[in-house]
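Pasting the structures in now, so scroll down.
In the two complexes below, chain A is the common chain; its partner is chain B in one and chain C in the other.
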Partner chain A sequence: MNRKNWPLRIFGVFAVIFLLLPTVIIIPMSFSSGRTLKFPPPGYSIRWYENLFTSPLWTDAAWSSIQIGILAAILATVLGTIAALGLTRGEFPAKGLIQAIVLSPIIIPLVIIAIGMFSVFVRWRIAGSLMALVVAHTVLAIPFVVVNVMASLRTLDRNLELAAANLGANPVRAFRFVTLPLIAPGVMAGALFAFITSWDEIVVAIFLTSPTLRTLPVVMWGQIRTEVDPTIAAAATILTVITTIVFTVTTILQTRGNTTT
Partner chain B sequence: MSNSMTNNRSSISPAPVKIQELAKHYGAIKANDNVNLDIEGGEFMTLLGPSGSGKTTTLKMVAGFVEPTSGSVMIDNKVVTEPPHKRDIGMVFQNYALFPHMTAAQNVAFPLRMRSVPTQERDERVKNALAMVDLADRMDQLPRQLSGGQQQRVALARALVFEPRVVLMDEPLGALDKKLRENLQLQIRAIQQDLDITMIYVTHDQEEALVMSDRIAVFNNGKIVQVGTGEALYERPETRFVADFIGESNIFGGRLDADGSHLKSGDLSLAVPATMIASSTPAALVVRPERMRLNRLGTDLQGSNSLEAKVKDIIYLGSERKYELEHANGTVLIARHQVGRSNITPEIGENILVSWKIEHGVVVTDEG
Partner chain C sequence: MASITDSADEQNRPSLQGKFNRWTWLLLPALLFLAIFFIYPLFEILQRSVTEPTLGISNFVEFFQSPVFSAVLFNTLKMSFYVMFFCLLIGYPYAYLMNHSSRRVAGLLLIAVLIPFWSSILVRTYAWTVLLQRTGVVNSMLIGIGIIEKPLKLLRNFPGIVIGMTHILLPFMVLPIYSVMQRIDKDFVTAAESLGARPFRAFREIYLPLSLPGVYAGSLLVFVVALGYYITPALLGSPRETMMGAMVVQQVQQVLDWGMGSALGVVLLITTLVILGVVGRIVNINEVLGGSGGPE
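What follows is the complex of A and B.
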């Protein structure tokens, strides 16, 4: 133990508490035996988890969130990987501008994107459908895939692709047998980021959901304003646990990817 | 080393390669400028030249990785325009470019997989190719589990296993230590002759070029300045650049006099053998160090050029001695002799007469 660093240590501990407390405090509340959200809970039970897993309001929302998340992740991964390939390997005019446009959903305020999409989807009469949410979340998720895949591609030795061509692989096979296996950690990380982007997204979802199709964050938002019962804490805990698992896997993939290439 | 691959290709005769007026310009940079080269089937041709002289660019245009600005490449008397994966040319890259996620055997099998060779034949050929480079026992190791020399040999096996029409190598031994390099030079040369392959080999190491090649093309500034056997380039260089680049030389720059019998270099006038070079162009006289004789002052030398010089240094090189000599006008000359073969053995600081037979000088042009 280094004595000189104790102010820094204390500061660090406070920072971590500050960041984690709001998340962690939800967990004991979700195991409450009372009927309202309260900290500390009056006693412990798993009745709110039972409610979460049996009430159609919550199970339908969870199912929608999972479907939308997986579809958006698949679409964003395919499109984002193709975009990353073009942006790293291709040579065409206005490349920088196109890259900026592809990455722009990261910086444009979500509410602006939400309003834009809402007005277009209403005109197309698809607002409130599963497809509309999948498309919207795909757009939001693509930049994360592009960033991850481009980082992998930049560390990939260009000569490996030339060697594949030289040995008789056409561009598609060179990608499938050489490029893709070597950038796979980046692609996987991008896919998981994409899933999480959709999984906990609420702003665009509020605009695009309908009474018959609601995602988990949207239901939570609705519930907290009407009846404050601890099921919402149980849902929040599940949401947090899944997000944490996905991020851990992503981080492991990324560090592994960095050491093998 | 087994020659089990020979049977497979005995019926195929090796392909000649003809490079015609090939040019590649990157804006103002002329990476290649009017390159012409005729390579016979089964020939080992080395492209030799300093860094940035355009060797890799030529190789890449043959492989199809770079589109020429103008000119063409003919293989087997047909102009090649196909994309790289249809050219059927083997290539070994400087950093080997082995696929890091595949074992040695999978790397070597890759070109056969791309050609849909049946599994059983494929396994057989992979085994033979790896045996040929003495790596039969390393089949299942990943590239990072192999040493540099072993990776090099896997790359070689991979480039040969599909029996390409031509094999290209870009400084394949650059990253290896001297002993391993010499060992692999001989191994590559032996395999090339064994399998009767047309080879285009890039290096900037002149010794390597002399050891391995049938002929050498010397590059400078994107152009080929001379093509010939190692011996021809060494004994009969055509330009000062070639004389300087290949082996050690004594070079006197200047101009020929009107009748072409003497070269004036500063205050020296040196007799030269008959030459076609005009007196209007800058010229140089080249004399190899082993052609230089050392004599006592006052020796009468007929049919030779002779200069008085002081012995500045004597370097002992095992079987040879190298003398550094300085003429009164500051010109430094080098002489090399087998130990025990020189007519006199002067000491450092001694004044002597250095001479060479007129016919041992070579007149070259002096414009790059």
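What follows is the complex of A and C.
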């Protein structure tokens, strides 16, 4: 880039501030000593974190979110990895359409998915249960697993599998001991994306949760609309920190996946 | 913009049994799961929209005759268009900068896009409600540098939603443009310049047209995703800016009119699918959502 591009660089600085400001600003506010959300805070304390970690409303919700996230991630990873193999290596008519259907939970507006699932799950008497949320989040997470696993499958050298087969491995063994280790970074990245999808999901959760089973975003949603105390900022910070950790691990996995294959 | 289907058959293995091979069966579990828990609920909505309160298309007739509902649909399209426009305005130069910076700077710029991309929409929207308050950071900064004297009203109105949604959807614009720009051979521009074209002309006649596929993909994605948004408009807007998503929820949760709520959902779904179908096939979703872990 030459010197004449300095306006573009200044623009870049502003754009980065615009992108990061909302994520970053919450952190100092969550450590505020005041009762209202002001920036800069009048002083610093950890009282809102104490409030967060001792209030059953928040801790129960965090526990539910973790359980739902892990179960949905496992289910989506199994279904998505198998489907990615089918999509990459299968040969069948209307392949584009089938792939579009598998990926469509990303593009269909969430409110429609939410009311549809709510309507059906109420009739099946599972609305408000842990399983209902796991199933719903699995639907939303499958596309992310499929996309990630397909990306690793495309760079995989099929000759290694053929070699295993020539040496007498049956297809299942060849998959278990050759294919799976090679696509493991992609599968793992998919699993983490799946967890984050569930961990951050709010629209479907608003409909499928019940007074006795609420996820962290649902409690936050309720609190944002009724109260203004900085406990919400503390909860938001926790949500963001966990998302960022998982995201960083995912990025490292993806980078490693790209270099080893 | 190679789609997955293009490269799927790169091994060129002969088909085993006519049109299907055995790998195809692996799709069955996921398709079955999606059929029961995803497709079926969507059909349920379709069904409720034409059976409640009575069999027929009365809900849709009411939708298009009611000034309120049509205004909401128009509002939704207008909002999505504005958000798409601002995302493009910021996203294109941003992607350009990413492609014309050193590896390290490009990496940092990419992280700045990806961190908000993967942090919760609710958290980011909540942060904007704090930032955009009358006494919030944005207003105090603008007053501090003397651009304005009195605080601006930036919350619970149109600008508030546009700011929040532009922030949230910007990665959907930057990532496809960035990935298309990466594939542009920079020698073309150098060649044009060495043949006497001024840098701006070389950009306009060579670089810009080559980057357009990314612009189309990003704009389509931002527009379509914006159509269905619910959380951000609900927190940053006022009833006057009600969008389709909020209207669906309102009908189902407050009015308890499932027929109308479902009909609104169907209109939203059809609008989304028609725009996707007309403007392009599902462009590049995989590129935007998946393997964008680092500058490759």
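Keep this in mind: the second predicted complex is superposed on the first by the 256 of 261 C-alpha atoms of A that agree within 3 Å, B and C clash if a C-alpha of one lies under 4 Å from a C-alpha of the other, contacts with A are read in each partner's own complex, and residues count from 1 in each chain.
Methods note: a residue touches a chain if its C-beta (ideal position, glycine included) is under 8 Å from a C-beta of that chain, and two chains touch if they have at least 3 such contacts.
Only a predicted model underlies this, so the values are computations on that prediction, with no experimental measurement involved.
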{"item": "Touched partner set for A:Val16, first chain B, second chain C, both or neither", "value": "second"}
{"item": "Touching partner for A:Ile46 - first (chain B), second (chain C), both, neither", "value": "neither"}
{"item": "Partner contacting more residues of chain A (chain B vs chain C)", "value": "C"}
{"item": "Touching partner for A:Leu180 - first (chain B), second (chain C), both, neither", "value": "neither"}
{"item": "First (chain B), second (chain C), both or neither touched by A:Ile25", "value": "second"}
{"item": "First (chain B), second (chain C), both or neither touched by A:Ile245", "value": "neither"}
{"item": "Touched partner set for A:Ser119, first chain B, second chain C, both or neither", "value": "second"}
{"item": "Chain B - residues contacting chain A, complex", "value": "63-65, 83-91, 93, 95, 97, 99-101, 110-111, 114-115, 158, 162"}
{"item": "Residues of chain A touching chain B in the complex", "value": "157, 159-160, 162-171, 173-174, 177-178, 181-182, 260-261"}
{"item": "Chain C - residues contacting chain A, complex", "value": "3-5, 7-11, 15, 19-21, 23-31, 33-34, 37-42, 44-45, 48, 90, 93-94, 96-97, 100-101, 108-109, 112-116, 118-124, 126-131, 135-137, 167, 170, 199, 224-225, 227-231, 235, 244-245, 248-249, 252, 258, 261-262, 265, 268-269, 272, 276, 281-282, 285-286, 289-291, 293-294, 296"}
{"item": "Footprint of chain C on chain A - complex, ascending", "value": "1, 4-5, 8-9, 11-12, 15-16, 18-23, 25-26, 29, 37-39, 79-80, 82-83, 85-93, 95-96, 98-113, 115-120, 135-136, 138-139, 142-144, 146-148, 150-151, 154, 158, 189, 196, 199-200, 202-203, 217, 220-221, 224-225, 232-233, 236, 239-240, 243-244, 247, 250-251, 253-255, 258"}
